[in-house]
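First chain written, first letter: the chains are A, B, C and D, and each begins at residue 1.
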Amino acid sequence: MKTDGGSDAAKRRAGERAAEEIENGFVVGLGTGSTTAHAIRAIGRAIDDGLDIRGIPTSFQARQLALAVGIPLTSLDTVDGIDLAIDGADRVVDAPDATAHGALIKGGGAAHAREKLVDTAADRFVVVADPSKLTDRLERSVPVEVLPDAHTVVADRLAELGGEATLRAAEQKDGPVVTDNGNLVLDCEFGPIDDPDGLATRLSGLPGVVEHGLFVGVADATYVGTDDGVDVRRY
Amino acid sequence: MKTDGGSDAAKRRAGERAAEEIENGFVVGLGTGSTTAHAIRAIGRAIDDGLDIRGIPTSFQARQLALAVGIPLTSLDTVDGIDLAIDGADRVVDAPDATAHGALIKGGGAAHAREKLVDTAADRFVVVADPSKLTDRLERSVPVEVLPDAHTVVADRLAELGGEATLRAAEQKDGPVVTDNGNLVLDCEFGPIDDPDGLATRLSGLPGVVEHGLFVGVADATYVGTDDGVDVRRY
Amino acid sequence: MKTDGGSDAAKRRAGERAAEEIENGFVVGLGTGSTTAHAIRAIGRAIDDGLDIRGIPTSFQARQLALAVGIPLTSLDTVDGIDLAIDGADRVVDAPDATAHGALIKGGGAAHAREKLVDTAADRFVVVADPSKLTDRLERSVPVEVLPDAHTVVADRLAELGGEATLRAAEQKDGPVVTDNGNLVLDCEFGPIDDPDGLATRLSGLPGVVEHGLFVGVADATYVGTDDGVDVRRY
Amino acid sequence: MKTDGGSDAAKRRAGERAAEEIENGFVVGLGTGSTTAHAIRAIGRAIDDGLDIRGIPTSFQARQLALAVGIPLTSLDTVDGIDLAIDGADRVVDAPDATAHGALIKGGGAAHAREKLVDTAADRFVVVADPSKLTDRLERSVPVEVLPDAHTVVADRLAELGGEATLRAAEQKDGPVVTDNGNLVLDCEFGPIDDPDGLATRLSGLPGVVEHGLFVGVADATYVGTDDGVDVRRY
């Protein structure tokens, strides 16, 4: 369920542009995935040039990359707030006239619980993406992190909401993917999602659900890397 | 945050009465706490007398007691459904004219995530309680299970909702209580809770929250053990 | 680090032969992996034909397969013992004159902590394998499950023991593989392992290590599926 | 199983004396418990006076106290090493002629897995204690952290080693104590432990055991707070 596609050059442009937003003294939420990785590497270079910031990773992957490029890390229980979060997305609603403009689907990397925690805690949350992630209507499966014992019950509840859930299988271990929180992931196909906000509320209310991948009203902007620049959407 | 009070005789009456509802062939959700324990022991005696049921525990504690009294256990991923769940509560709204009649606060035993999963999955959910748990208005602190890294961020969000959150401290280990799911518990004082349903929706939507202790519209009945019998509330 | 190779027909012969060892009333440990899966399916067919046993899965994967083929499951805290465990291996020392004859490397599927728990608790542990798993000397990397915070410290300790450790990366999530227990896996190359028993003791003693994939003196027999039959090694 | 006893003044003397060992630039392992808490508070005051160090907590409790007193924190995956660890103990063998001189029992606070990881990773590990912790022979129960599914099997293995294991019950939640790692604790009575090193090796080798509370050959010194000073044992 990890998204591929999108040229690396476009991803890099988006990531590097977002990194330019960081100011001295910032606490920065560091997202997960290949586009955000470009932002993290750019931040590392800026730190080499004297930028003084602290990062809060959204995942084990982001943590390791941040350490590798020399970003000083801190943690949610240590800071008063997060100035800026930079994170990727699997889908971004790009339909200015739609109420869901700027809504996201995340969770292809199974890190969406901590991503949502960090991204919503930030004063400003910038999505970085390439054009392959833009859509005028959400149709992609929604990752839903569930308590291990809950996966069958939640799958039944998702079916009642019109979704078809599949337990995400791992490749480098036997059995299912286990998240950094020790939970499982149901990838749920709803077909076209016309009311992401309503669906998000219903998913959050399901017992056994730890977090779902619908991010509605969370992003402040999306930076879309293109062949020759960066298009900016502000919400 | 575990509730005491309530005579053991009253708890026993409620628990044993609920156990009488169980029919041959049932799959039964087995709740947590001292009142439900009376139901579990009564089920064990009925099994000795030939009752054929299978139990699904809501917690490690319930599991151990069920094994001790000889209840055959099964699991959520094995059964098609749960016929009846019997569980306790820390508070039960007992105000027939209120919209929140039958709403519960649970989580004093930190097992409310799995309790809500099992209790809502049951065709019928019977609460067992003694009169000390009844209230015409919810004023007790609400237990909120949170991902370990999230406790400070969630506490900030709870403050925005008018709540004062305290990380529950353990006594038999250093540091906080850790739940059976490996998470932490914030006990959150909201003062009188006039709209439990609305608060429940807002709590469920907070990133980092795994489950909260408000059970609104979940119970089908409450069996209240008294000095000389059992009063039944049906919702 | 999951092992491939070995014909499916050979794996099937080994798995089905092991399943024939099961007697009515047995509690059976159900291993993880593709060869053991043949045993589990054979057990499911025998149950359809009237065999009365209960299974204890060694992993989430084994649990799901066992449920799919109709094996009644129980759990370690419910039974007095395990009569027989059937499990696969990534490598089996097949050198009758060596002290390590019958030693195994397991953990390619990251389930070795629970596998070792179940396999050692069994009265009899039968390994099922195809010839590609046999070796006269252990040279394969050893999976080491570690507490998440411990991975760098344990990697340093492994280096002192002559091993080169790599944190196992996931494919269907970002970042590392997380085990069913919520931990991480270091795959550690030691070169040829001349003293598996001594290495096993040293690995077990390392703080932060939950379990390693060396199984020395645990197997009672290995059933090796071949092109036209099953070779049995007894230890 | 948490140890009480020992005057607070004696504990304070030991903790503060250990804190004096810290030099500018140190990475310091911060232990768990009431005696170490005095060291952590002393370090906080020294930081107010200009000391420049970073701490690595051994538990959630140590982390929270360190944050409260203003100690900058780092993590095991960020540093190259730990210069000094300061930690408490439930028992310290104080018998200069015994081979086990300086052996410890830890784990009363259920934090011993991470404590052992940090304490053994340190260049120097100083135990802080009051005289009530000293003993010429280890007789106290040994805390053993186990994977949740393993507790009955491990208890059986411990019985074979001559120990009587009890699953540690919680007070502020229903059911057992759950550790910061999400596991359970067996407190195991062995009677007098004549060969702590041998027992430690056997406990480490038991499948399902995450970590035990015997620390043999780990401590470099014990600072014993007395009525009027600090006695130092060096090993």
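Here are a few things to note about the model shown:
By our rule, contacts are C-beta pairs under 8 Å (C-beta built on N, C-alpha and C of every residue); 3 or more make two chains touch, one makes a residue touch a chain.
Being a predicted model, the structure only gives us computed values, none of them experimental.
If you take chain A and chain C together, the chains in touch with both are B, D. The chain with its C-alpha centre at the largest distance from the centre of chain A is D. The interface holding more C-beta pairs in contact, when B-C is weighed against A-B, is A-B.
Note on chain placement: the centre of chain B and the centre of chain D lie 36 Å apart, centres being C-alpha means. Between the CA-based centres of chain A and chain B the separation comes to 33 Å, rounded to the whole angstrom. The distance from the centre of chain B to the centre of chain C, with each centre set as the mean of the Cα atoms, comes to 39 Å.
Annotation for chain A: residues touching 2 or more other chains are 64, 75, 77, 181-182. Only residues 1-2, 32-33, 59-61, 64, 109-111, 148, 168-182, 185 of chain B touch chain D when the two sit together in their complex.
Across the complex, chain C is touched by residues 63-64, 67, 73, 75, 77-78, 182 of chain B. For chain D in complex with chain C, the touching residues are 75-77, 113-114, 116-117, 120-121, 147, 149-153, 156, 181-182, 200-201, 204-205, 207-208, 210-211.
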